[in-house]
Amino acid sequence: MELKEKIVSSYLAFENDVDINSEIHDIRTEAFHNFEKLGFPTKKLEAWKYTSLNSVLKNDFSIFPNKENAIEFADVKKYFIHDIDTYKVVFIDGKYSSFLSDTTHDGKDVCLMSSALSKSKYKAVIENYFNKIAKQDNLTSLNTAFANEGAYIYIPKNVEVEKPIQIINFTTGNDAATMVQPRNLIVVEENAHVQIIERHQSLTENAVLTNVVTEIFSAKNSTVDYYKIQNDKDNASLVDNTYIEQKTNSVVSVHTFSFGGNITRNNLNFYQRGEHIDSILKGITIIEGKQHVDHHTLVHHIEPNCESHQDYKGIFDARSTGVFNGKVIVDKEAQKTNAYQQNNNVLISDKATINAKPQLEIFADDVKCSHGCTIGQLDEDALFYMQQRGIPKKEGKALLMYAFANTVLESVKIPEVKQRINKLIATKLGVNIGFDL
Amino acid sequence: MLKINNLHASIDDKSILKGLNIEVKAGEVHAIMGPNGAGKSTLANIVAGKEEYDVTEGVIELNGEDISELAPEERAHNGVFLSFQYPVEIPGVSVTNFIKTAINETRKAKGLEDMPAKDMLKMIREKSELLEIDRKFLSRSLNEGFSGGEKKRNEIFQMAMLEPKLAILDETDSGLDIDALRIVANGVNKLKSKDNAVIVITHYQRLLEYIVPDFVHVLHDGKIVKTGDASLALELEAKGYDWIKKEVNS
Amino acid sequence: MSKYTEEDLEQELKTKEYEYGFYTDIESDTFAKGLNEDVVRAISKKKNEPKWMTDWRVEAFRVWEKMEEPDWANVNYPKPDFQELAYYSAPKVKPKLDSLDEVDPDLLETFKKLGISLEEQKRLANVAVDIVIDSVSVATTFKKTLGEKGIIFMPISEAIQEHPELVKKYLGTVVPTSDNFYAALNSAVFSDGSFCYIPKGVRCPMELSTYFRINEGGTGQFERTLVVADKGSYVSYLEGCTAPSRDENQLHAAVVELIALDDSEIKYSTVQNWYPGDAEGKGGVFNFVTKRAICETNAKVSWTQVETGSAVTWKYPSCILKGNNSVGEFYSIAVTNHYQQADTGTKMIHLGKNTKSTIISKGISAGKSQNSYRGLVHVGARAENARNFSQCDSLLMGNACGAHTFPYIEAKNKSAQIEHEATTSKIGEDQLFYCNQRGIDTEKAIALIVNGFSKEVLNKLPMEFAVEAQKLLEISLEGSVG
């Protein structure tokens, strides 16, 4: 059976498990019909011109792993940022793992979507925010149709969360190929501050397809630091749909580190609804083999006096493919916008491919918008210089690549995350040197 | 030539000029000095017709006529020249092309034919020699990538080309090296006649050694608070502004 | 219009409406409206074409019938009804031109209004002009001078008769009939256009120039241009166009093919000021053009364009850099005002080794117009050491227009070096004040600043074109400041 049919026919089964009389379910049902109509995206869609999911969709995914799978902390410790204290919301095959999690309701809510959707205590927030900015496109609709579990984070006014929050989704793939669809909702009220680290990790070689949707609402004067660490197994594919709405004076930054996985598609959307907003989108992609990473960003400048900064660096080896599709829209009302977009790529293999499409759509005249996109090689002179000073070529190359990517790391605010990324880069580049330049 | 009476001006409801009076007659050189933020550039901009400022009170007369309704270019056509404190860059437009356009537009306003190319070239040659400007410089984009001193020299070059009646030099000396200062001052002196007037805005006495003012004014907090002859500049150089501020406040 | 007097300019400045909006009342021989295979055959027959040509057209028509009109460009317009257009229009009084006296006096009058008096041209300018009025070439000069060098420069309809072997060899090799909707349509019904062949090692001694002009209401203009530069040759080709103002939209779907053989160079410059419609967005030309060049080893092709006209423009002059060390360049200024829409750019396809391309695009939007740059830089897997530099700058005037940049960059070779930059800006208040202070009024100041902004591209135009282009920029931006 084709995956789409399988999904469509499993919707009835899904309805057995959820409250079908809730308003949320009306939203699900509408989204379900939307997906039924649209199906999976194909390369014919301009937005999917350079990324095909066909090879992934061929898998016979199990959509509802019914067995509860337990895992030992010791086995997965390495996937956590474990050297500092954090809140944790952990899922195994889409099901909440209380054993691995560390949630809270103390002055804020760091807990589960499933309970937020069902308990009256959360009703107001859910009504105000759930599915309010997520698009009606193919895969977001698919996620919404089955939205039930994920992280729910609510930070009230003036609360500065004292430690980072980790959201980790494990897939065991013990039985078969698995598809999971986490749904996260993050609401950060006025003047509040939160740091979040998100990770998707499969634990076996079986195929995985994760189709995650995250909605983030950042109210006046709030700050959100979001880190996505993507270093999954070769057979795990990820479609990450993140939607962010910002209000006046808020600062939201999203760093995406893509080092692993099979096909990774990051749809990152920012909507600026207020003035003096700063949106920061950064990413490092270092891939090899047949890996494919596609960054699809949108920054929509709706009101005046806001800024956005995009900086994506990519290093592509072997037969890997990188895609960068960055779009900046500046509405007529959004005067005095400053929008910057940089995408720099290095190809280190003859078989690697990069496709870039940095777009500007500008309807206001008093703005400063620029984008730059380069594809090039490492500086051979610099490499020679290093070799001359005794640094072996491989290490020299790694250092140069690190330096190339470093502009993205500069703005990482959690030192442990930075260390982790440094380590991952070193591993990825096959060298054993510290990068703390 | 220029007569300003009780000028009050503000920007975004912030009041900057607060009852300023000055009269400049043909043949005279006036220096305006004063602490940073006193309103010197504001005064210069308002005389040149910058629209950002709200003139709330007072009259500006040029040769006996109220010019408040005139557009900046009309004032320029009437002989007002402002050497900007911060000249702007216009990418892709060469100095030559720019000055040619400026001259011909001014001539057009006076009902004259365009200046014949031959005369234009001759004049450019003369004036660039006068100001010791390398001709190569003239084919570069206006002020783009010019050093601070080059921008100022270019302003005076344009002044020489346009032969204004009333030239206002806003800190034209800052950024100039010692030789350039002399060259520029010489240029200004050569252009001086009994029919035109110069207002020099400066922080330093040094320029005034070359361009000797008939009057020195101190602008403080939006008003001319003291007027004297050339010796006042020396006194200011030696003593600073505090004593004047005290005098005003007492 | 390379001869363009100051009185002309003054006249233009007075009339803010489209200054070439007059209609020449020449008796025209126009086909009934509508398109089917018979019409295609009739066009071919009317032009006395050999069978291979008729077959080629018919095949193109069959392909076109199955195609759908594209809608991916960032433009909105009522789709033309292809059955409502007439596909052939030639002046009835078809002069065999030995001297200008034989030309229809009305036509001469038209030329005058356009600012080109042929006698003047012959004497003063070193330019050979192949004037196309409503599809059929009526005046060709300088043919003899060119003939001595073996250069062929003639209407393509004549070339089909006189040099069938050349036309047959190259026609449709760069833009295949099936390439796109409008190219297919053009292949089926093209009425005339220019053909140019520069023999081996010959440097064409003068700029070759064609003027296009749409005259008859309700006729589509389907020009076909084919330029072949044989090994080691050089040619600079100028294309300019004006259209009279009309209320109903007119369609212009031209195809231009350039073939640059080894070591040759083609410079192709266009000034396009088809009627843009009036200030309310009524009328205007739809300009859907396919222009493409193929560059063999060491060959170089430069496209330079100044686009100020047309209600809707859809145009991407491209280079296929097939040969090693070949070079492609694209320099463009696109100005849109009122309700104009332009979606233009280029494709640089790097296939050979050490190929180089440069893209400089300047978009200026005013009024309620939309101006898009759409470009592709593709580096194939075997294109070692390919280099590209792209720069797309937009200038916005006022708050009702839009500027868009859609660059596509595809690299499949690790030695590729690609740089793309884009900026958006507006004319600064302080720049305007500075100009005003020096006695330059705002309208003139804008013209000056826009000219400066466009300099890098204007500099690429042949001298006489550059002057005209500057004036066009000025005219098209009139009334854009309130």
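In order of appearance the chains are A, B and C, and numbering begins at 1 in each one.
The criterion applied here is as follows: a contact is a pair of C-beta atoms (placed from the backbone, for glycine too) under 8 Å apart; a residue touches a chain by one contact, two chains touch by 3 or more.
This structure is a prediction, so every number in the text was calculated from the model and none was measured.
A linear topology is adopted by the chain contact network, the touching chains following one after another without closure. Using the mean of the Cα atoms as each chain's centre, the chain most removed from chain B is A.
The chain closest to the protein's centre is C, with centres computed as averages of CA atoms. One simple way to say how far apart two chains are is to compare their mean CA positions; for chain B and chain C this gives 48 Å. One finds 45 Å separating the Cα centroids of chain A and chain C.
Rounded to a whole number, the gap between the C-alpha centres of chain A and chain B is 57 angstrom. Chain C makes touch with chain B in their complex at residues 428-431, 433-442, 444, 448-449, 451-456. Residues 72, 379, 381, 394, 396-426 of chain C touch chain A in their complex.
Per the touch definition, chain A reaches chain C in the complex via residues 46, 332, 335, 345, 347-377.
Looking at the complex, you find that chain B touches chain C at residues 48-52, 71-73, 75-77, 80-82, 84, 87-88, 90-93, 97-99, 101-103, 105-106, 109, 141-142, 158, 162.
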